[in-house]
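One chain, subunit A, appears in both complexes that follow, with subunit B as partner in the first and subunit C in the second.
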Partner chain A sequence: MNEKTLRKNRWQTVILLLIIIVLTYVSSAITSFNFVDGLVTIPKAIGWMFSNLMVTQETLDKLPTILEKLAETTFMSIAATTIAAVVSLFLGVFGSKTTKVNNFLSVFARFIASVSRNIPVVAWSLVLLLSFGQNSVTGFLALFVGTVGFLTRAFIESIDEASQSSVEALTATGATYFQIVGKAVIPQCLPQMISWVLFMVETNIRNATLVGILTGTGIGYTFDMYYKMLNYNAVALVTLCIVITVIIVDLMSNYVRKVIL
Partner chain B sequence: MEATYIKRKKDGRIHIKSGNKGDRVLRWTVVILTILTFVAFLFFNYAGLELGSAITETAYNLKVMFLEPALSHLSLGEAIYQVGVTLSLAFLATIIGAVIAFFLSLMAATNLAPVGITRIVRVFVAFIRAVPTVLWVLIFAIAAGLGSEAAVLGMLFHSIAYLVKAFSEAFEEVDKGILEALQSAGGSWWHIVKSGVLPSTFTYLLSWVFLRFEINFGVAVAMGAAAGAGGIGFDLFMASSFYFDLREVGFITYAILIVAFLLEVISTRLKKRYFPATSD
Partner chain C sequence: MSLLKVEGLGKSYTADKQILKNIHFEIKAGELVSIIGPSGAGKSTLLRCINRMVEFNEGKIIFNNHDVGSLNKKELRNLRANIGMVFQHYNLVPRLTVIENVLHGRFGYKTTLQGLLGRYTEEEKVHAFHLLEKLGIHEHAYKRCDQLSGGQQQRVGICRALIQEPKLILCDEPIASLDPSSSKIIMDLLKSISTEMGITCLVNLHQVDVAQHYSDRIIGLNKGEIVSNGTSRELSEQQINKIYGTKTEDLITA
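And then the complex of A and B:
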């Protein structure tokens, strides 16, 4: 690195920082976001949380209902993730460069993944709500579509990354397509894929809360109900239950990940 | 010579695979996930579901949405402005999050901070991550009132958690020699960060920030719809839940889709340029 490149780098950094500052200013003007107000809010909000978000004795009576809803939501997210993983496995195998059947299917798989990933879960859940109504299937389908998009991309990446040489070796021995995929590609990528699936289970439990608020199902609806009834003690209890569930799932998947990878 | 002990199955065949712990855990994970999936369908609440008509209706709805998009309650200019609002919310949450995350991740990197502090920061981050973003926004909305402050602050939390993890991993990969050289030249902790760690990781950090911006755009749409944070997400919510106007839902979905595609293209390029190992 000579002096010239160093100076050029420095200029690039300065210009970049200037652009960022201008953009920050513009976006706070558009959203009428006030930095000072925002800063003042943080201690206020934390103080409010400590004084109001307390789990009291009487809210504990609501624990069975909350746990039931939480179980429904958790199971819903797991089911959505697993079934999405099966679909994504096929899409991933078709979409990957090393294992694609033909170009058309490959582009098709990538297209489906991209569209279902980029249309937000919110849009899916609102559209599905119109005809499926207020029940778990709506949430399940909304999570399912988003998860297929994400997992297909992840699976395509791990298949591309892992299997080049073993695919070549099996092709050289005259193995059929199904033998190559079944004996080389999937066993090799399985740990990576399971790791993605576990990550998605955790993400989906959190997303399910959002979907629940929109579609009126599961723990999200319970939260929304207590929130609108201004019953903040119950809100605290619901939040606590979600936090504990997510942390348990997180710890379990971290353990599995550590062993299999 | 090592044939002292050969595991055999009941019918006398030799075990071909020696099952190690990894394989066993992997198999159990798959089995448990499958079982839980089947159990899940028993737990579902099927109230008011008529599957047949729901599917045909959804197909029709999707057709109207995607093939006949139109605006009726918004003008085109307003729609673009609302997309701008959503982008701005995402941008503010990302930038403020990045600044805070930078300092926190200095405390979370094991090669820059004592073990005790890194552990505290990591537990703190894990807790933040466990609360869904929408709950953060709603909780802040009580204290700050509905508005951009609540939305940005609520989205800030997950941005910080995500970026602290990414940043601290990047810091930990900094060549140990650089740190040692600066230390032996008498550099203080801040000198080490400013002239050793920051220059060698800066581009990495920037691309992580951009990746988070892409995620935050989606989050901002969701927050508009679920927590009334404004922007295009709120219009999406109004169009589908109040006006039942599928054509408008379609138009807004297309608008979101276009922005999301653009962001994705840029972030894929960034990934290819700065993380060649993780992309193809």
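And then the complex of A and C:
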């Protein structure tokens, strides 16, 4: 690196910053979003939250129903994730460069992964709502499809990264395809895979609320219902329950991760 | 009677560049033969053509009276079970134990299901422990492979090759990532495998002096062609120049 390239690099940074500033200004002008106005409303919003979103004594009566819905949603997200993990395992093995059976299946697996990942979960729920109607199967499927996309992608990368050399060695001993996958690839990638699955369980419990609002199922529906009834105290209780659940699941999966890695 | 016979072998990945050109050689049972040559000469490709980890384009390889090029899937599996392979980076499954890695060498003789369920016979397990003891790493049998040093991991790799009960072991730069004392242990082992157990070894090496000290015969490879083939005593300065394209004084030996 000589002086000239250093100076060039500095100019590049300045130009990049200028571009970002201009882009921000132009886009806020087009959408007529005023940053200062936005900032001013924040204290007001916080004030509203404190006066309305309080858990009161009488809303606690609703706790059993809320917990029941919350449990349903949590278990549905876990089921959607684990079943998606099984499907993704196969797609991941077929899609990875080191363990692919043939090019067609590899491209097919990557295609499925990319389609289901690049369409947002929200869009999936609305599309599936049309064909499956308002029930928990719709929510389950929406989470399932999104998870398959993400996990397949993650599994393909774990397999590619971890097992090239041992696959070569076992091929040279005359091992069959399934022996190689079962005894070299999976043992090597398992901790990473479990870690991804746990991450997806967490994400899906969070997503399930949104999917529930859209598809009218589970805790999301409960939230939506109280919200539309203007019962903000109950909304606060639902939110609190969701937050606590997510934190508990986070702590548990962090513990599991620490043990296996 | 030769165990391995290579005739007119040629390999190219793209039409304009040939990795291997018209390779001829024969190896008798129980010999330890080294292949030396500069990086990119095609040593690894040549080794991998023999058990068809790499498909070759021209020529013929006869191993143990079988034409390697014309084997079907099942026969190829059988061939690979009869040829052990040792790698520069050991290529073990790091998260599994030493004994599990050694037993992986038996997969070539098992059905898919037996392999997946880990159904090894009592003799196989005894044999595995016997080999570990012979190579001096039996006390590590239940340790995970990533806890072992490089030299110990390479010995596990050799155990995995030996438990196949192979007729030939292909070693792809087995000591290239090891320190001098581990290198000596590994080379001594390969020598005793060929002399005592009568298993033929074909070894890719970077070190000329190691090749001269240990091998019965040395094949010199340069730009995909064999430029010398003879006993290690016959390997002259002139031939080394031809293999590496430089004088011996310019090479690190000793």
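We adopt the following convention: the second predicted complex is superposed on the first by the 260 of 261 C-alpha atoms of A that agree within 3 Å, B and C clash if a C-alpha of one lies under 4 Å from a C-alpha of the other, contacts with A are read in each partner's own complex, and residues count from 1 in each chain.
Rule of thumb we're sticking to: a residue touches a chain if its C-beta (ideal position, glycine included) is under 8 Å from a C-beta of that chain, and two chains touch if they have at least 3 such contacts.
Since the model is a prediction, treat every value here as computed from it, not as a measurement.
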Three-chain arrangement built on subunit A, subunit B and subunit C clash or fit: fit
First (subunit B), second (subunit C), both or neither touched by A:S165: second
Touching partner for A:T56 - first (subunit B), second (subunit C), both, neither: neither
First, second, both or neither for A:L214, with subunit B first and subunit C second: first
Subunit B versus subunit C as contact partner of A:Q188, first or second or both or neither: second
Touched partner set for A:S114, first subunit B, second subunit C, both or neither: first
Which superposed partner A:T176 touches (first subunit B, second subunit C, both, neither): second
Which superposed partner A:A45 touches (first subunit B, second subunit C, both, neither): first
Of subunit B and subunit C, the chain that contacts the larger number of subunit A residues: B
Minimal inter-chain CA distance - subunit C and subunit B, angstrom: 7
Residues of subunit A contacting subunit B in one complex and subunit C in the other: 190-191
Subunit A-touching residues of subunit B, taken from the complex the two chains share: 21-22, 25-26, 29-30, 33-34, 36-37, 39-41, 43-49, 51, 53-54, 57-58, 61-62, 65, 81, 84-85, 87-89, 91-92, 95, 126-127, 129-135, 138-140, 142-144, 147-150, 152-153, 202, 206, 218, 221-222, 225-226, 230, 233, 236-237, 240-241, 244, 246, 249, 252-253, 256-257, 260-261, 264, 278-280
Subunit A residues touching subunit C - in the complex, by the definition given at the top: 163, 165-166, 168-176, 178-179, 182-184, 187-188, 190-191
Complex contact set, residues of subunit A against subunit B: 13, 16, 20, 23-24, 26-28, 30-34, 37-38, 41-42, 44-45, 48-49, 53, 71-72, 75-76, 78-79, 81-83, 97, 114-115, 118-123, 126-137, 140, 157, 160-161, 190-191, 194, 197-198, 201, 206-207, 209-210, 213-214, 217, 220, 223, 227, 232, 235, 239, 242-243, 246-247, 250, 256, 259-260
Contacting residues of subunit C [partner subunit A, same complex]: 51, 53, 76-81, 83-85, 87, 89-96, 104-105, 107-110, 112, 115-116, 118, 157, 160, 164, 170
